[in-house]
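Labels run A, B, C and D following the written order; every chain starts at residue 1.
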């Protein structure tokens, strides 16, 4: 296998018009995963290609029916009168930095063939605290796009770094004269957080002017809320009913969050 | 040396008809090793090729006669009126993931040249406990083959992963439109387990409809049984003759086994 | 992206006459960084090219305006009636040894295209003690250049090694028949040391016969001096007012310094 | 720089007749180093080529005159009416296994161009004890050469492994249809051992039928003997004058030595 191998679905290549490329790579809190997988399911998007790489962990994952597959990423496509989309989701990030660059280049190369001009990556902004209403943070490749983020109620970042595929895809998109945005959903990092996924997806849909049915993700967000409340109650009980300074539930996020 | 180097035995290439490829790679419990090495010895199979790789540990192993060789894998072949076979055995797995993919591709490429359609890897399912009658677990590339496993008394797995060459060869076989099966012999992981090897080999031979003389492996299996009994007696004595809950000999395997 | 990618500023390539190549790579004490960044700012030098590499950490750094870039090195140029220069500065050294060799080769290859014959790297000589007047140490590719160092008041080294890009660029320059010099500013290693940067830059400017306005760097050097005095006073107070043997401020550097 | 770079001395290539290739790679006890460096000095052998590799540590070593070089290996040649030789010595072994294979292949490829049929590597057999008369151990690529070792008073090994370049060069020589021998001088591993170097060199010279003046190495061997006696006396004194079982000086080597 060459370092990265594309296995396309049978059938004709779709004709897409400057599709936005939306990527989520596995990371903490499953923020990007729930957002994009829900998106793919609700449009619904069509399978385009599976991507295998020697840099994905060398193993097969066994499914309930007793069959198994290598680790992979997958890209789906969606066409409408308004907006066309390419959506990437997957099992794994590359296990070494050199292959992260490779995979980013290959994915952007495929998107360029379809005429992509705008790239989005969805990540988590991990704060270590629970919040009622997760914020959405963002950064972009260029000042005009940064302005567009502000006007969509996204908190523009002004320092720090975004490591791994979520940052690399945006950085390399910039070198290839594409516009890139990374959206980060505020999350504790302790639980699978469908509330943060919902916030990030709503921001994204607002920016790209696409609508999807949010019912299933709403349900999961409610489940996340109940889970968080349960955890908070247990924490409160453990502390003997006293509210300790610096550890109040629903407090504003600490300054030192980190990205995943 | 290119990354992987094939050194063929002198003489004509054998003409084989869709030979099954049967691989065992070094791992815990020597389950696959004893099974395939016995198989090669008893058919007997003929040497086809030695495989050297820069990813095998850089060293030579000294033999009793004072000569030495680099670490290598070897493939043997066997032809009959019924079934043809290619059998792989070896000193070492590649030391890095990228080379695991390389070696799997090269081995499957060689098998394809001979017309292989079905691939088997033999591994260990490590449970941490001793059992009287080791089960054989299995997974496959496709639902039809999974059915065939069930009808041969193999416990089909429904979750987990198979790491390393044993999983990778099956996963890449699937991408190359071959059918693949991984058989795993239940073993404690504490001893070289010829009982587990015997169970896996018997399952394999039943599936591929080949017979070999099992006498030598039976002897080794009896030795293993005696070894296990000795260990169990010592454990029992150490605990002062009392049977402690959760630590009875010959108990059913724990749920959380792992693969090697 | 090939392993190393050059992105040139738009506009014509400058015509340079045997420009000296002056490199500083990130390391302890920021000695080289302050020296070269000041140099670039004060000439002022013009941007020639950004250098990206798969061996730089896979991430983007977010700037105050909300935009971000991949990690990179940059080369600037300067032309005068007297001396022409190429100046390299950057965010990162390669993260693995093989890529250090690659980057050194690529940078020297670019310099050769412009006719470079002399190469300088600026590093830190870390001693663990504070000194009033930082010395400048040096080594070179050939005995004639070593003589030139001595006659410029530079302490020629006679043992040890210079690891990383600062040493590699000089070693590979030698293989390419260029003359190379490494200048090392004596520094404690505890603080960002503008005094050491100033000493190294003054030595360099004397050797290459170029003048720049040192005002800004002088200011920073004074800040460094005040910072060091504050630290020393605190250390003195902590020790109860007694001067302990072997730990006097402003003492001569220990024999066992190390390079960064 | 390609992964491995050869820089030849100026002047015509020597014409050699099936020169033996004799290699020593850096390791414990400097056993091979002293032997080959003495050999090169006393013949005297002529410089043929320096070998640079990206897998050698990325640094320059500073010499007493203030100049420096990259890490490298060097090959020297010697021609006589009787026997021709190629001798390899160097600063470093490659830092990763893949490059060990590369370097071994490149060195053997160069030797093949000159018609080499026989390859020797010189290593240390580390026992952890001091001995009066170091033995020389050996292994070879083929049974005839093993016989030749026995008839030269070399203790033929019958188990174990030889790791790193000393083993790899012999293993790959075998694949290239050359004969290979590894000679190992018995040494404690605690000191630079010129006695072991002398023993190995004498065995080698006897096998290849070459003579060199041993005076300088004899002197160093005597120095080693005195050093060892001093250490032994201190050990004896420390133990209060009693000879403790299992720790007598000059005792026979333990069974479990290891190779370096």
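In this text, contacts are C-beta pairs under 8 Å (C-beta built on N, C-alpha and C of every residue); 3 or more make two chains touch, one makes a residue touch a chain.
Computed from a prediction, not measured in an experiment: that's the story for all the values here.
Of all chains in the assembly, none touches chain B and also chain D. Interface chain A/chain C: under half of the residue numbers present appear on both copies, so the contact uses mostly different residues.
For the copy pair chain A and chain B, the superposing rotation over Cα atoms measures out at 90 degrees to the nearest 5. One finds 40 Å separating the Cα centroids of chain C and chain D.
Centroids of chain B and chain C (each the mean of its C-alpha atoms) stand 56 Å apart. Touching two or more other chains at once is no residue of chain A. Judged by the touch criterion defined above, the protein chains form a single closed ring in which each chain touches exactly two others.
Applying the touch definition to every pair of chains gives A-B, A-C, B-D, C-D. Taken in their complex, chain A has these residues touching chain C: 97-98, 100-102, 105, 138-143, 146, 149, 156-165, 167-168, 170-172, 174-175.
The residues of chain C lying in touch with chain A in their complex are 1, 5, 7, 52, 54-55, 57-70, 95.
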